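First subunit A sits with subunit B, and in the next complex the same chain sits with subunit C.
Here is the complex of A and B:
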């Protein structure tokens, strides 16, 4: 029994950890959707860029990789702002298919830019805490996972206070609730779009750093699947609902890892889509989504 | 319009294209590399046109590789297990893809935009997973299996024969799409695309038409998939890859969504650019260039390359006034 509890808790922990990555991705996607009403299918490329920037800083500075969040998040915020300004603003309001198509273009640009700079081999990096585990009764918890879970929680709490307590946060929420109304109140909604997109990309960058630190392998093409799962999560949790994204992220993380454990690793990606399809067949607008238009 | 020699520039252009397509292998006949590019170009014209047909009904798909691959697997399994000639199993590949397409379409008819994109993408992932895990005893898992070629390579000039065979299939496909769109079905699809509620009010039930579009699109995608496999003579689950879902979209957007000529022109332009850049040695950079091209076209030329002459005329007229 001890062994099986050990393994199960290990799987649950993996689920919690991958849930954290998904939560960061889904929260960013959700924030962007709330404000701009667009979906950026290239969001995973920000995650991928985050892993490479972390890797790059790690190689040249040798700092503790968790400190490198200070490096990856700002770089990604700037990248997000540039992408919003150059690609998404011109097509805002021209039809929902265009944003999907422009994301395809961005996916190709980002993936291959990174492949040109860092080649397309699989890479990984080793956290300084990789060998440390903390015993908790029968459970052996790797220190890295604990740190990742704590870091995610801190980021989310900080994000919450930013949205609730600061003037910019209030302006973002106002834009998200009623774009025209916000405009009439003197909020520069285009600036809010840029900021939101930047913050979303920054959160994906943080997810990228955590991905790299945990010792998972990465290559330039690894971003698409996590991002699409991030989008599945916000459909499950409800478009525009941040608590929904957190619950959905944890749920997908858990389901995925338990499926990989029981059905085999090849089902890890497919199961979240099965879940999504089942939900959408029953409720075409998502679990908590409201009918639009 | 019904004159024996039409003055419509579009008809003339189409005729010129056809003549070029018929004659071009005679000039490059001995060069297998160029012939291969041409053969693949034709296959992808079928694929992109089939994908584009779905958009006539107001639907879209991010996972058409599912049908491309299913067609390929169904046709090649038939060919290998039953020893039937490739040209016969080709049809079976299309039918199998169409059946699955209608089934997938059933879950999609109520969905719009992003949801539809997600679900179709998801199906491609799920089907690939099935093929490499539970169905591996039949499909050979990740390793795949060899398949007989469309035209046996021991016949002299086999690639040339293959080219003309596929050219006939391509032209037939496009003519069929053309007559479908001109028929009452095409009108109903357009009504549904423009406004589903009003179409309902006019007495059109959108569900069978949407399913029909899904089935037809999947059928020709399956044919294209089988053709590709019979061209290469080998099948692996990489046929379900994300890239293969994205290519028809890129071709159709570049050429012009929702037009018959769009996917054809888009496929030709992008393929030539693609292989041209490769020949210059820009292996990764060509992806970036295609990506930038896509972004620029969506922003500045949302109706694709087919609208380029109109756009230029508009610019000139603006300058005159």
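Here is the complex of A and C:
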């Protein structure tokens, strides 16, 4: 095989693209865990819903799918808020087992609802830029992937400024750092929970939109594997750490793709989880996590 | 009661209703005074759900046709009885298949079973069939590791499909006879230049069986074909970019892909669109399905596929009328066409009818014996000798396979297949597509 810098760069580029999807998914998951300390196994279903909402809007409007982020993300934010209010709020603080069973139940509800509405056939959609590839030396850079990387970066920068510079962002961070302290300072933590869950679902929805736009196929059952990877990423990066989710997402994306390149596609999940185990053995709190006192 | 608690109760009820409504077994109305109960093992949910739906609908169509003609005559009852189908959703998983088959046998008490798709899934529930001794006409499970196994009693299992050796051999023969000379000729290579093939295969008994078959045929026939890459991928994969980048680095002249339908569509699109791998992709028969042509779009133009039933390329000859009729009936009932797995299951229901009538009984041992000695005229798929019969050694039926090449149909906006091999069925000559680039010489 002619392994050159060009080919390795190409694989790194695919890894960067995969990482973008993972980062958005894991950032939302980590935000929810950081603030509410709940484990939502149904988080991957928000990604799946994002693909279908995008597909639905695309079919009825014919708009550019990237523009449809403006539609799909708010729908997912509302869906997240509803789920938080109806499902997680009543059982908050009653034990992890309840959270796990609620989230497992939600997986079935979302999968079957989507299957009832859109059937469970595999679907895909075609971006208007699907046939445009930019050649950069030996690299083939499909325009869609470049846009996806830029869109992810814009979302993350916007998210950073939201958390750092706005009153609600600061309140969310305060709730994440010390829930009781935040309450004593007059922050409505239940409102923060609701907003956090909505934003987390919205980020997963954005990941779903980008998944669909990139030409990957989707069906109602496709959310489970990304959700498991999302959990692996936040454990790898450190529970509750947003920078950890970003670095973890990129790391998993890169490791998966370089593993597929060197050992074959059937190894990529195994090596990702081996990486997770190694990091946890060396640093049990994850890359950016802090030990609890 | 608090409002949240009410919401929780409401959600629990919704969940229960949804799970029950989607997981329940679909049944046709029970007939009075006896029936032939056929269990249909299909992947109604999960990774292979598109094919599973095709399997179920085709079985429904066959049962409906048979029932409309009076049903199945059972000598022991001295009357004709209708067929009643019972669905067993294997959920595209080994565990799901075990649950579905156990339920079909022990709770639904089916007389006979048809269907089965993934080799991995079928192999996981074979031991249950062996234990309960229920006749099972399997239209999938093409790996020889499924039909040639000797660790369990497979005497009640009958395989109405070519095995991986058969389809691998047909594909490689086509590549050696047609593709290699065409490429060498078009690009001015010497005629003895070996064709470099990359095999991208599902990491499953099905994929490994095909890979082994391809390598064995090349070796035993001393063909001028070189396998330059063997790239496995996980079942259900939808991101092939890195695997394709790896393959591209090995400069193949063509790709031999062993995939399910939902895997072949992204693989083909990503090869040409994202990786710029302008090479021929040869696919396997299970992908000859309307959903493939719809999904792959213009990227399917020029690609080739080994097949035994094509919804859009009906071979001329003795099977033409039956195929056209079935496709028409399917279109009327469901709007669209059956795929290859649907056709095999449709025939399997008719085979079940024939076996029960020959046995004159619903006794499972007698039906098994009738299947073993079956000699039934071919229907839609072209059989060796024009007859559906199961080999005495491994209970496998034998097919005359062919290869189609796709070209864009401007009217439908989708590619359409035409038979390019063997010569006896050829509708047009194979052409090396204009966009094709060979591997380095």
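By our rule, the second predicted complex is superposed on the first by the 270 of 293 C-alpha atoms of A that agree within 3 Å, B and C clash if a C-alpha of one lies under 4 Å from a C-alpha of the other, contacts with A are read in each partner's own complex, and residues count from 1 in each chain.
Following the convention adopted for this analysis, a residue touches a chain if its C-beta (ideal position, glycine included) is under 8 Å from a C-beta of that chain, and two chains touch if they have at least 3 such contacts.
Here the structure is a predicted model, which means the values were calculated and not measured.
*Asks:* Overlay done on subunit A, so just call it for subunit B and subunit C: clash or fit.
*Replies:* clash
*Asks:* With the two complexes superposed on chain A, say which partner A:243 touches: subunit B (first), subunit C (second), both, or neither.
*Replies:* neither
*Asks:* For A:90, using the defined touch cut-off, is the partner it touches subunit B, subunit C, both, or neither? Pick first, second, both or neither.
*Replies:* In the superposition, A:90 contacts both subunit B and subunit C.
*Asks:* In the overlay, answer first, second, both or neither for which of subunit B and subunit C A:281 touches.
*Replies:* Only subunit B; A:281 stays clear of subunit C.
*Asks:* Quick check on the superposed pair: does A:142 touch subunit B, subunit C, both, or neither? Answer first, second, both or neither.
*Replies:* It touches subunit C, and subunit B stays clear.
*Asks:* Touch test for A:128: subunit B only (first), subunit C only (second), both, or neither?
*Replies:* A:128 sits against neither subunit B nor subunit C.
*Asks:* Looking at A:215, would you say it contacts subunit B, subunit C, both, or neither? Reply first, second, both or neither.
*Replies:* second
*Asks:* May I ask you to decide whether A:14 touches subunit B, subunit C, both, or neither, giving the answer as first, second, both or neither?
*Replies:* second
*Asks:* Determine, under the contact definition given at the top, whether A:101 touches first (subunit B), second (subunit C), both, or neither.
*Replies:* The answer is first: A:101 touches subunit B but not subunit C.
*Asks:* Pick one for A:158: touches subunit B only (first), subunit C only (second), both, or neither.
*Replies:* neither
*Asks:* Flag for me the stretch of subunit B that overlaps subunit C after superposition; candidates: 93-101, 111-119 or 147-155.
*Replies:* In the superposed model, subunit B runs into subunit C at 147-155.
*Asks:* Please report the subunit A residues shared by its interface with subunit B and its interface with subunit C.
*Replies:* Residues 87, 90-91, 105, 108-109, 112-113, 115-116, 225, 264, 266, 269 of subunit A touch both subunit B and subunit C.
*Asks:* Residue numbers of subunit B touching subunit A in their complex, please.
*Replies:* The contact residues of subunit B facing subunit A are 60, 62, 107, 110-111, 113-115, 117-119, 121-123, 125-126, 128-130, 132-133, 242, 246, 249-250, 253, 257, 284-285, 287-288, 290-295, 298-299, 302.
*Asks:* Looking at the complex, which residues from subunit C come into contact with subunit A?
*Replies:* So the residues of subunit C in touch with subunit A come to 2, 4-5, 7-8, 11-12, 14-15, 18-19, 21-22, 44-47, 49-50, 53, 203, 231-234, 236-243, 245-246, 248-251, 261-262, 265-266, 269-270, 273-276, 291, 295, 297.
*Asks:* If you look only at subunit A, which of its residues touch subunit C in the complex?
*Replies:* 1-3, 7, 10-11, 14-15, 17-18, 86-87, 89-91, 105, 108-109, 112-113, 115-116, 120-122, 124, 126, 130-131, 133, 140, 142, 145, 215-219, 221-222, 225, 256-258, 260-261, 264-266, 268-269
*Asks:* Which residues, counting only subunit A, touch subunit B once they are in their complex?
*Replies:* For this pair, the touching residues of subunit A are 39, 41, 87, 90-91, 94, 96-98, 100-102, 104-109, 111-113, 115-116, 224-225, 228, 231-232, 235, 263-264, 266-267, 269-270, 273-274, 276-277, 280-281, 284, 286.
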